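I have a structure here, written as structure tokens, and I will follow up with some questions on it.
Should a chain be cited, it is by its letter among A, B and C, assigned in written order, with residues numbered from 1 in that chain.
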Amino acid sequence: LESNELQDLLVALEDRVRLLEDKLAIQQILNSWGPAVDSGNSEAAAALFAEDGFVQTDRSHMGGPSGVSEMVEGDGHQALIRQGCAHIQGFPILRVDGDRADATGYSRVYLHSEDGWKVFRCSANHWQFRRTNNGWKVTSRQNHVIDGRPEALAILGSAFAENPHTDS
Amino acid sequence: LESNELQDLLVALEDRVRLLEDKLAIQQILNSWGPAVDSGNSEAAAALFAEDGFVQTDRSHMGGPSGVSEMVEGDGHQALIRQGCAHIQGFPILRVDGDRADATGYSRVYLHSEDGWKVFRCSANHWQFRRTNNGWKVTSRQNHVIDGRPEALAILGSAFAENPHTDS
Amino acid sequence: LESNELQDLLVALEDRVRLLEDKLAIQQILNSWGPAVDSGNSEAAAALFAEDGFVQTDRSHMGGPSGVSEMVEGDGHQALIRQGCAHIQGFPILRVDGDRADATGYSRVYLHSEDGWKVFRCSANHWQFRRTNNGWKVTSRQNHVIDGRPEALAILGSAFAENPHTDS
């Protein structure tokens, strides 16, 4: 092959490598959430989010890094840490489209009790991400408990929709 | 290096990238099973399987995409969805060999109840896959609950056998 | 581009591919622990460890491959296998630095009982790895149960420290 043809092949291969790197980087964000909040590291938890990022659950809204930090440092969460809590993400369905990405999957909160650990929450999650100058950041996380409610079913089903970026 | 030497290196590197892509693609199939069946999306669940693919559990057999679809739409599974169920795969041992692949790992079904979520099933799984014109598809999934029965032990132990493709 | 420039680009891309391969290889070690110990395959469990590798939990110490093998073949663990046990790793925070690597994340032991499966243990883990002539091997695994004890919090928090290689 000519040099310019080799260069084209190399550039195409680099794009494929970047996509793999992006997927692992986004996965690392999800993997970091639990260790950050379960160890009370509010700074590390906040750093996962874009300035305009948010978490929306059935019962609460956290706005931006500061909202996440306040949740981690709040009395309710600190009580969970003292009791022993583990926020564990399942391996999600990942989609990357240039500088945007999303992930759909499960999370569970295990809580220590006198006779072992209970599954305190089991939820459906839709995460959205944006590539920034500081790497990938969370722009939104929608979280609904899986107890038959339609919001959780809608999140899980949205993984198979054509257009992944539907959250406002 | 000469152009033909560079080309050889590039082709070898592309093979390594393809293997990484294959592993992530197969993992995505496993990650898709739960969201598909837990949201009642029978079409998405069926689309994971090859025409001759099947699921074999301790109690049931689903043959092909149509068998999977019937299970999802059946009364038993629909009752689980209304109650709130989460079919979550563990991250498995993955092996890719050209256009065939297999995965050995765990799955759990969490079920909502009045006091949190119960671990309704915890199982050992052996998945096999084939590369098709429509991407990787499941050709077989063997699933046995982990309650001391030898079938589950055999599945988990088979991950360390020389020849991964032992299911018929 | 000139041939030497293409060669430089190719070498740089190969480094990126190797890092991705390393991350998946290390993940496979974690994914292999459960199937090895839950099927009683003491040889496969031992083979994951370097000669000087060890496991340190709140209650036990296993030294080297032989220590791991003894644990798997011991009466206590064999009783768990007969009852039905599943040692499942969460997807961890992974860091690779040349020929060293570490992983921080969760593990759970599910145990079969008359009414489903109980979460028998939920733990924080810090794994360290070394690249050897036989591939990546575990040099240390620190494991502490998540019940509010500071050792578990320290493990989870260490994932965000600058220097990942702090275990002796």
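Here, a residue touches a chain if its C-beta (ideal position, glycine included) is under 8 Å from a C-beta of that chain, and two chains touch if they have at least 3 such contacts.
Quick caveat: nothing in here was measured; it's all calculated off a predicted structure.
Taking CA atoms, the transformation carrying chain A onto chain C includes a rotation by 120°, reported to the nearest 5. Counting the residue numbers used at the interface between chain A and chain B, under half appear in both copies, so the two copies meet with largely different residues. Centre-to-centre, using mean CA coordinates, chain A is 22 Å away from chain B. Each of residues 3, 6, 10, 13, 17, 20, 91, 118-119 in chain B touches at least two other chains.
By the touch rule above, chain A contacts chain B in their complex via residues 1-3, 6, 9-10, 13, 16-17, 20, 23, 90-94, 104-106, 108, 118-122, 124, 145-149, 152-154, 156-157, 159-160.
Listed in rising order, the residues of chain C touching chain B in the complex are 3, 6-7, 10, 13-14, 17, 20-21, 24, 27-28, 30-32, 34-36, 38-41, 43-44, 81-86, 88-89, 91, 110, 112, 116-119.
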